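To keep things simple, chains are lettered A, B, C and D as they appear, and every chain counts its residues starting from 1.
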Amino acid sequence: MDNGMEEAGNIMPAAVQESKAAYDIIKERFGSAVSEFDANPTMPFFEVVDTSKWVDIALFMRDDSRLKFNYMACLSGVDYPEQNQLGIVCNLESIGHHTHRIAVKVKCQRDGGSIPSVSCVWHTANWHEREAYDMYGMTFDGHPDHRRILCPEDWTGYPLRKDYQVQETYHGIKVPY
Amino acid sequence: MSEYFSNIKTGATTIATGMAITLRHFFNAVKRKGDAGIDDPDYFKQVDGLCTLQYPKEAVPTPTIGRYRLYNDIDDCIGCCQCERACPVECITIETIKVTNDDLAACGKTSGGQQKRFWLPVFDIDVAKCMTCGICVSVCPTDCLVHSPVADFSEFDVRNMVYHYGNLTRIEAEAKKRKLQEEKAAKEKAAAEAAARGEAPAAKPAPKPKPAPAPKPESDQAGE
Amino acid sequence: MQELGKAELNSTRIIRQNDNRVVIEKDLDTEYMVLSMGPQHPSTHGVLRLECITDGEVVVEAEPYLGYLHRCFEKYCEKVDYPGIVPYTDRMDYLAGMNTELAYCIAVEKLLDVEIPRRVEFIRVIVSELNRIASHLVAIGTYGIDLGAFTPFLFCFRDREHILNLLEWISGARMLYNYIWIGGLSYDVPADFKKRVAEFVTYFRPKALELQKLLTENEIFVKRTKGVGIMPAEVAINYAWSGPMLRGSGVKWDLRRNDPYSVYPELDFEVPVPDGRFSDIGDSLSRHLVRAWEMDESLKIIEQCLDKMPEVEGFNSRSAIPKKIRPKAGEVYGRAENPRGEVGFYIVSDGKSTKPLRCKARSSCFVNLSAMKDLSKGQLIPDLVAIIGSIDIVLGEVDR
Amino acid sequence: MSQSPSLNTWSEALSGFYIGWLPLGLLIVAAIPLVFIALYALTYGVYGERKISAFMQDRLGPMEVGPWGLLQTLADILKLLQKEDIVPTVADKFLFVIGPVIMFVGSFMAFAVLPFGPAFIGADLNVGLFYAIGIVAFEVVGILASGWGSNNKWALYGAIRSVAQIVSYEIPASIALLCGAMMAGSLSMQQFSVMQAGPYGFIHYYLFSNPIAWLPFIIYLISSLAETNRAPFDIPEAESELVAGFFTEYSGMKFAMFFLAEYGSMFMVSAILSIVFLGGWASPLPNVGGLALNDLTSGPAWGAFWIIMKGFFFIFVQMWLRWTLPRLRVDQLMYLCWKVLTPFSFIAFVLTAVWEIYK
């Protein structure tokens, strides 16, 4: 991707083709566990349909010599109120091996949903997942240190959910400013 | 063993280099940098010597573009409320009363010659909240809202940080409001298209309770 | 020698020695001490809190606690329209506002698909490189303070002051610029700006050399940092380290080269990585050196930009800014190289609203700091301070 | 002990001065160093350090109180006096209070054997140097008491570090001074100066007349920094690591006591350094031809001037080092002491002995 902004208008930029090639390898290995490839020019992604396979997919993506997604740039939690789901979006790429990059989405139920933790695959996911839990409230199965990170431990509610109502008082301090 | 001695040697030489540098600065202390502004051609002339400025007495001049205290020229303000909407921190509070037709001349025009159509009983800027982003300035259609380069405007009482630019006192505002109501009532009877305009005053009282500490600005104005 | 028994309570061991004598060995009663370092501690660079479990001077484990400066950036983003977020991004990494703004604007511009005037691109690069130098000066200066050297810190701040003056001259603010706007700049640069920046470059080169002699080459400084907090390249990548931290581990990875944006592809600059001559690769000294070298590279970039920047008569820096910023529905992950590493913005737009549905900031310090627990194991307390300093955290960005 | 007729005349005359049974003269003798410490710490110590550091860092330093900020230190003292004297509830009150007192007394008592010029010395002990070395180590007790008594983790770290540091650095420091003692053949502080006084001024100083003396001189200079907890050896109070080290919990006048003690011992080690290697109160100016500069600048008053100036010069060096160098780590500090300074001080000791025998 030479200049993402300028090429964004093209039908299928080279960067998206690279992502597609990477996706095809994953699709070949995991079949129906992953969704179709979304070839949008700004952030090509696919979704993990079978959430239980997420750690396997992650390990495969990291270790397979054709993929080598060893660098997790970002893991963001997202709220999908219309679908009654929460999700995470991981932006992955490969440092020192390939030039491809791809985004992966994993979704779970809005209430009490859980996503397998990939902090054993990419250490950086540890804090990102803690942040996603802190802000959205999905649990990450197998997370080594599953606590809130930015909000206080006894904070109620998950602030970035679309239906979040801020608590009136926190330890006697009035919260809404 | 040679590493042991080379360690001592590099230690001694680098310490000596460092000490030479600080000593040079010590002897350069007779010179001073001065308070030339960045737009001064001599800004980078004096490179050695003390660079402290004793602030209230000496100061680097703020560039004219400087984005510090918000100032509103109320005479040019047409009450479009774009700044209020654009402000990310909601530090601008505006209340408008539509000008009745017979008052248009009294309300006056902006310096650009545009007819003003709103009285502004309340135009408060809480400069303590303001984060000087300049977004309000960029949306202002008449360029009456500006960030002035005055950077130092601290107050002992935080309430004094709320600047009132409104052009009507409270009593005048009540009168204007009543006048508008009367005119509207008269019009409502008259025409059907006035009904649409008649909703405006009904909506207006709704945001009114929001600036609850309304007596405060009045007392401040009285104090002025 | 054979161990016969062991009492757990006060680590008493009963040992039969080779000559059949039975000896009861009792260790000194030692206890771990929990040391709460921060949030008000001189070397935690703000309000980081480290809960250290220490065995004498040795840190057994250090657990970082964040959130003391959490200002709900992401929640704000859902309330504020796209241009209104820019001033908030300044406040994330308040030492490198321009770079963070640039990252955010790149992300939104990707969604909007707008053409940026060339002059704007060059000005953007100049200001963000100036800001990078300013940020590295703070990093190097405070690192000196962490290790007990006060004077370099003030020299750094003296030079940073010139950069802040330059940036105030063009943007109107010293630290929180709101200068780079989506699709343009808030103002064009003043007429003398190019000249003054060129003067700054000539002014700064000898000062950087002096700083290097005073601090970086000092034997005590080298001894304090060399071999401290070594991070192997693979682990660094796995922790998603970026910027000088990752390059300090010997990985030649710079978004300006590897995911080029703006006019960086046209510019000639090196991506400095340590080669093991001055430091052990991956240690604190490497990270410090990378920052020092990067300042030189930034100066080079600025000089080239000054040469190449097109002069346009009556240039309007806001010409390409869309009237109403309402991107089409989609998602984007846009990023740029901050002085501390990769700053990315993941933005979801629903295509209807002028406010983003979701705006996640991937802050470089947050990610870099997450390795703290691993890095601090078994270090001395002074080394812990050296490691925190070399990570160069800005708590505004960690907590957002 | 006295050799020259003018030696110690002032202090002896003073100590013989009684009003009734009250030894007023002795009190004055004791009070002079106290007044000196207070004045010098106020002026040169605090104000001077702030200005020197400021000039080295391209700053102005204090400028607001008085002309060029000259009264800044007085304003600070006033502030410290008004401050609440906090004793933490969980602190060991006795140790907490006694700590700064011991520290100050330790640094003050060493002034008893410092000759302020040929005519004035508190006590012309024949083991003056030995006494001075011993009394410096007394400060350790104060540091340990305040660090332990504060019941604060940082203070404890600072105290433990400090004790380890000072006790270790006693060894190279003492051996380096022993080299000086060998050259002079005496432990009396006055005797050092007498031996190094002469018509050719600084040529008579051991540092210049003895080819080996530079080695113990440098060793003592380095270890004296460590003994007074000055940078780059300020690890007991390492600000960026231990907040404020052993005086983290102190405020008000108790805090000021630590400062006085620090500046007191700074002058003390500087004075010892200049007495042992640089002739103490002996004038550095030589008699050149008919110009009897040395004779002109000798005498009781000139002597006091010279020793104070020499002391101040080394204090300047201490400050200069402090504002240039980063801080060492604990283990590097110990490495420097045991693996560098101690062996070299033994070498210096042997070489000095050889020189003294065969010169």
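Assume a residue touches a chain if its C-beta (ideal position, glycine included) is under 8 Å from a C-beta of that chain, and two chains touch if they have at least 3 such contacts.
What you see is a predicted model; the values in this text were computed from it and never measured.
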If a chain touches subunit C and subunit D alike, it appears here: B
Graph distance between subunit A and subunit B, where chains that touch are linked: 2
Label of the chain whose CA centroid is most distant from the centroid of subunit B: D
Chain pair with the greatest number of C-beta contact pairs: A-C
Centre-to-centre distance between subunit D and subunit A (centres being mean Cα positions), rounded to whole Å: 63
Centroid spacing, where centroids are CA-atom means, of subunit B and subunit C in whole angstrom: 31
Length of the line joining the C-alpha centres of subunit B and subunit D, rounded to whole Å: 56
Subunit A and subunit C: spacing of chain centres that average the CA atoms, whole Å: 23
Numbers and ranges of subunit C residues touching at least 2 other chains: 151, 158, 214, 218, 220
Two or more partner chains touched - positions in subunit B: 15, 18, 21-22, 25, 51
In subunit A, residues with contacts to at least two other chains: none
Which chain pairs touch, all of them: A-C, B-C, B-D, C-D
Subunit D-touching residues of subunit B, taken from the complex the two chains share: 4, 8, 15, 18-19, 21-23, 25-26, 28-29, 49-52, 54
Residues on subunit C engaged by subunit D in the complex (per definition of touch): 33, 35, 41-43, 57, 144-151, 154-155, 158, 214-215, 218, 220-221, 223-224, 380-383, 385
Subunit C-touching residues of subunit D, taken from the complex the two chains share: 53, 56-59, 153, 157, 231-232, 234-235, 238-243, 323-332
Contact set on subunit D toward subunit B in their complex: 52, 54-60, 63-64, 320-321, 323-325, 339-340
Residue numbers on subunit C that touch subunit B, as the complex places them: 76, 80, 83-88, 91, 151, 158, 161-162, 165-166, 168-173, 176, 178, 186-187, 190, 192, 196, 199-200, 202-203, 207, 210, 213-214, 217-220
